[in-house]
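In what follows, a structure is listed as structure tokens, so that the remarks can point back to it.
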Amino acid sequence: MPHYNRILITGAAGRLGSQLRAGLAPLAGVIRLADREPLGPLAAHEEEAIFDLADMEATIATTEGCDAIVHFGGAPTEREWQVILDSSIRGSYHIYEGARKHGVKRIVYASSVHAIGFHEIGAHIPVDTPVRPDCLYGVGKTFVESLSRLYWDKHGIETACLRIFSSFPEPADRRMLWSYLSFADCVRLVTAALSAPFVGHTIAFGTSDNSVKAVDNSGAGHLGYHPQDSSEPFRAKVEASSPALDPLSPAGRYLGGKFCEMPHPDDEAKG
Amino acid sequence: MPHYNRILITGAAGRLGSQLRAGLAPLAGVIRLADREPLGPLAAHEEEAIFDLADMEATIATTEGCDAIVHFGGAPTEREWQVILDSSIRGSYHIYEGARKHGVKRIVYASSVHAIGFHEIGAHIPVDTPVRPDCLYGVGKTFVESLSRLYWDKHGIETACLRIFSSFPEPADRRMLWSYLSFADCVRLVTAALSAPFVGHTIAFGTSDNSVKAVDNSGAGHLGYHPQDSSEPFRAKVEASSPALDPLSPAGRYLGGKFCEMPHPDDEAKG
Amino acid sequence: MPHYNRILITGAAGRLGSQLRAGLAPLAGVIRLADREPLGPLAAHEEEAIFDLADMEATIATTEGCDAIVHFGGAPTEREWQVILDSSIRGSYHIYEGARKHGVKRIVYASSVHAIGFHEIGAHIPVDTPVRPDCLYGVGKTFVESLSRLYWDKHGIETACLRIFSSFPEPADRRMLWSYLSFADCVRLVTAALSAPFVGHTIAFGTSDNSVKAVDNSGAGHLGYHPQDSSEPFRAKVEASSPALDPLSPAGRYLGGKFCEMPHPDDEAKG
Amino acid sequence: MPHYNRILITGAAGRLGSQLRAGLAPLAGVIRLADREPLGPLAAHEEEAIFDLADMEATIATTEGCDAIVHFGGAPTEREWQVILDSSIRGSYHIYEGARKHGVKRIVYASSVHAIGFHEIGAHIPVDTPVRPDCLYGVGKTFVESLSRLYWDKHGIETACLRIFSSFPEPADRRMLWSYLSFADCVRLVTAALSAPFVGHTIAFGTSDNSVKAVDNSGAGHLGYHPQDSSEPFRAKVEASSPALDPLSPAGRYLGGKFCEMPHPDDEAKG
Amino acid sequence: MPHYNRILITGAAGRLGSQLRAGLAPLAGVIRLADREPLGPLAAHEEEAIFDLADMEATIATTEGCDAIVHFGGAPTEREWQVILDSSIRGSYHIYEGARKHGVKRIVYASSVHAIGFHEIGAHIPVDTPVRPDCLYGVGKTFVESLSRLYWDKHGIETACLRIFSSFPEPADRRMLWSYLSFADCVRLVTAALSAPFVGHTIAFGTSDNSVKAVDNSGAGHLGYHPQDSSEPFRAKVEASSPALDPLSPAGRYLGGKFCEMPHPDDEAKG
Amino acid sequence: MPHYNRILITGAAGRLGSQLRAGLAPLAGVIRLADREPLGPLAAHEEEAIFDLADMEATIATTEGCDAIVHFGGAPTEREWQVILDSSIRGSYHIYEGARKHGVKRIVYASSVHAIGFHEIGAHIPVDTPVRPDCLYGVGKTFVESLSRLYWDKHGIETACLRIFSSFPEPADRRMLWSYLSFADCVRLVTAALSAPFVGHTIAFGTSDNSVKAVDNSGAGHLGYHPQDSSEPFRAKVEASSPALDPLSPAGRYLGGKFCEMPHPDDEAKG
């Protein structure tokens, strides 16, 4: 007996969205897959919705009939302002308005380590530390964390903001030895957030059970997330191919890694 | 070589008391079993004492010759005021006076989640958070937590206040999926509190190693309690038979569950 | 235009009660004065109610028709257990039941420094620190602090628990140089608690604006209490007549002063 | 000798902007006044710039040649989403981009109590508590608080985010007895933020020295703001004309007052 | 009636020592003045002791017969290691050994802002924040703070560690506008530390009542120190003669000011 | 591929140093072993340096050519002041000067539980709690913790201060049941500190995974230390041969155990 009748997944064609498409199947009778791009052949329990999150009307319409939303859509990493504005800020507002108008009760949101990227690794911050974004992408994440807080406090819609660290097929550099979130653990984390008895407005960190713990996730214990993977099997390979980071550089000192040293994307865009 | 010569267990005929009767046997040469009701056939290492905690003289007399007291007696759940007053408040005072007069050095007290029942699940409170009882039964528990603090600070009697969550043969509803304390873990918890090298005045939460962690028990790490059971084996059964709780209702939002919505027991009593 | 139609003052014949009787007159159309002893000639705006707080029926009846209760009745200092039980514990329960049954919306309670008397002076504790009572009288105060928390969380009755330090005509010893609460400041504190726009469940410390600050009252800033007196005018007299306290003794080290060294009152009673 | 060569004030024609136009004159050689509406006759030390914050190019151009920006432009209170988006979110981004491109070193931003409006009055929150906006207007404020954090951490631009409570000619209701910020104190607060030796990224609360203190502003002590006004002179008038708030209602319990009960503005807009 | 029979002041010929020599006269029958240099003509209530703190035997001997020690001797600012070692570390150990051997009960120690100089101004640290010295002089101060903690916990000798900020005739630069401690306030601070009823082991910050508050001294409220001076009268002069500090430089960002940028003194010594 | 070219181990002939000599071999091409005593036959990857840490020139010279230092030299337990001064204080200063002059980037320092020995067991302190040394040896440890903080903040040299609890072949008494650090876990802890991607200035507690947890090590999670041993296998033996400690005595109540009751070593030395 699944927890939900119909879950909407945004960004369903993306790197993580496609993992969730498969992994969340047991949780709902129907999975509605949303993206700007076609989603390939659909399984019997799948529906698709092709639209842009910047389109308010389409976005709101797509939320109708859903019990829960797994909101992984929007810009996948640092982008110029106009992209962050349209996809992360405007698009997420549309999602929350859809939830409010159509009675969706719980949203699981893909926030990011880049919402708190300028905190020092050694500070071992808990989940309720004030935000310190390291880029516009991170600012967009903090916008949704704040917006969703309002929709819980005022409109009674639960949200789990999952601050995804580095979710890739495998760790690609030294930093990912502590920031790695395996795809399987990502599915476990979203599953926990969908299944937990009480979410209210929760912020959680998303990493695997790596040896080095850079943050304190205990404040999200009520989600019941227990990672089962680790970066350790990849250590030798990573250490052989990727240099150590200078602890005096922003990239080596802060949670956000090289994002803390990235130039402003609007300058890049013009270059 | 047991830790104690003689342990007194109050409430020894109760749901948990009878578990402790069996489980604590290795810790003492003699177990003195106290209750208002007869306790059945006694083993060689057992003594019995039948009396009412509201009887000061009898209670104090019963503590004589004991090294430690496991105080699980008193009202087992919400009751009208007169019962809470007589059994939990007056009865516990009698126990502490007995300990003081007869040189008992350590007490393990069955406090309850209902001493902090109005804290939100998502707040993940540590053990030293101010109390927020959810019923008269919970107020009675906070009275003993405060009284025992005095008896440590002033009279040098150690107490471990164990805030028992939901200790039943198995989890009976969705809330118990995170609040469950198996009988075996309950015995482990009391054993730890009796065996720890230093207790002073300690407050600890009592749950099994359930997947969802609603509170932060790290401040009681010096007890050395390590639960080994979990509610997971019961999840399917519970989810099939018990509805999800509304996160906007007190029963779904606060640690105390439905106790947060119970009417006043003195109104009930008259109804 | 007074804030209240009718305020009930318990303990109205006591040291502080008689100050409040005069000082709170501007706040209500009628002041109902309660005590076990006669209260002398009544002014036009005064009513009297003579009864014992241990009498549940009489206590509840007396609360009828009141908007607010200033609960300063009960044992005035350390007493043997039976007195604390009857007056502070049972009596206060009767008051809260009266408030619940008769729709009283706000209670101002005379708690005490002895609810937190075993905290060290140098710890500069804030108002939300866990209790550490220094005597049975202090345990009684913590009982009411806990009970009133329940009546706010569950029954919507506001309470300001005012932890009175040393409210006497003038400071009588060295400790009172920092713990002194002038009678006029005591009236200001209760007036603030009755007038504040939001109280919910608030704990506040009650001292005058003495030079030495042993605790941190900032967490009660929403009461709007601003002491205007100080122990300084009495310093020379006190230092001449009263010896310094040993900082290594409980009386010199902890907030509760000599109460931290008092023998158990039930032993005293029998002596 | 003024602190700055040229200060830009946005929203200069507004309620607070017009106060700052006069009050900040001593701090700069030139004050550049920006608004969508004409600003009336200019003094010798004044310049004007008429444009819409939603116009990126115009906004960035206007920041050129300025040492500091006092950013009080944007939606003045709750508005439908499109207005918040254009004026508060997009407009503020344009201001920060202007600052970055033109080397402006310090910005003073008019944030609001509505960024933290869902915190309880009695919680007495410090300045570094996580945000809890009570409306879209408040969400817009939190966006700028987050954006400005990035521009300090990454681009070295200082910002003082001043959470203005209720800045009106006089307190208009009971809540404003504690939330009131006189116009003169508002000028003092902005002056302090412009004059402080170190700002980095600072969040401060903006109220006058009212009797009731609902929040803890000590974490912004390095701004050197010392209010000199109070709501007390208006108390009698306000209490006579405005009803007390129910402490059980959101408007009576939370910092944001009636904003916590406002319907969603997009529903309103359609009504 | 003075508080003490005989107070020993070390560093009595120094900038602050000579202020204390005059200012502390009311507190003791005899003031014993210690320094390496002659102290000029002695008043009737004064004694002198000329020796080097590095001389253990002489230092211990000098403490005999004293009730209290005001320990302001040792290196007055950053010095090469050998000087810090001999005067601040070894010399202070000798003082504490003297106190232990001769029954001195309270010591007031001149610690320094340089014990916590690498904390950020905006962090508004309380007195119990971990140390972050900004130079060897600051490390020496933290050594004595730690040593004195031991002598309280184990040997019952009280110490107030006063972290002096900038105590000069007047503020000499922009930083001192917030770090200034007038000579009169310095005397008030030491007087408070000598007069407070309980000190135990207390750490306090020493500044005047300057407009900008860079740290949180509330945790030392039990000393009863109330500064009465301010840097404001000197503001115009200082701002005219001293440039603003760059908030991005260590000197502008951290409490220690230019000490945070000083080269290592042993390099200097060799230059 | 080892992490380092050459690691210097001080105190290499000592109880823990000899364990590290063997255990750290995989981490560096060359291990330079330093002690006052000869170190026995050297392996191919080993170098030796025989000198006294009190000799500044020799100590600094020995650090040349090293990438990392594992500083376990100095007094191994409580000693008279002159020994602590020469070996722990002066000797450690020499090590840090060597690191600064020769570009060593990371130091792992053997701090001790005795740096925080006067904190209560039940307080479950985190790693950033202010120090409370229990003896001169502990004061020496806090000196190096402070010194190394300066060398990170100002000179960019990373240090992990490992507060070793009780590292012996096996637990020797009841206290060691919770304070035990097996030799293998000690090697794991140092290895983690040498391998962690970011250390900055980190303080960590060093115990095995014993059942009783007396402190909170989560703040050092970024070291990636995971103990694999426990005192449990030794429990029966220890409990049979070693008495329980009185929880009212310093030795039973505080982290430092019997060190909290030790007489002053300089008295001992003279006895």
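Which chain is which? They are A, B, C, D, E and F, in the order written, and residues in each are numbered from 1.
Simple rule for what comes next: a contact is a pair of C-beta atoms (placed from the backbone, for glycine too) under 8 Å apart; a residue touches a chain by one contact, two chains touch by 3 or more.
The UniProt protein names, listed by chain, are A, B, C, D, E, F = Uronate dehydrogenase.
If you're wondering where the values come from, they're calculated on a predicted model, not measured in any experiment.
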Next item on the list: Could you name all chains that are in contact with chain A (Uronate dehydrogenase) and with chain B (Uronate dehydrogenase) at the same time?
Entry: F
Margin query: Could you classify the chain A (Uronate dehydrogenase)-chain F (Uronate dehydrogenase) contact as same or different, where same means more than half of all interface residue numbers appear on both copies?
Written below: different
Note to self: On a C-alpha centroid basis, what's the spacing between chain B (Uronate dehydrogenase) and chain C (Uronate dehydrogenase), in Å?
What the structure shows: 31
Item checked: Length of the line joining the C-alpha centres of chain C (Uronate dehydrogenase) and chain E (Uronate dehydrogenase), rounded to whole Å -> 41
Checklist line | Residues of chain A (Uronate dehydrogenase) engaged with two or more neighbouring chains | finding: 218
Notebook entry, point to check: Pairs of chains that touch, anyone?
Noted result: A-B, A-D, A-F, B-C, B-F, C-D, C-E, D-E, E-F
Checklist line | Partner chain D (Uronate dehydrogenase), residues of chain C (Uronate dehydrogenase) touching it in the complex | finding: 1, 156, 158, 196-202, 218-224, 226
Check: Which of the residues in chain C (Uronate dehydrogenase) come into contact with chain B (Uronate dehydrogenase) in the complex?
Finding: 81, 85, 89-90, 93, 97, 100, 118, 128-136, 138-139, 142-143, 146-147, 149-150, 153-155, 260, 264, 266
Item checked: Residue ranges of chain C (Uronate dehydrogenase) touching chain E (Uronate dehydrogenase) (in the complex, touch as defined) -> 120-122, 124, 174-175, 177-178, 210-214, 216, 218, 239-240, 244-245, 247-248, 252-253
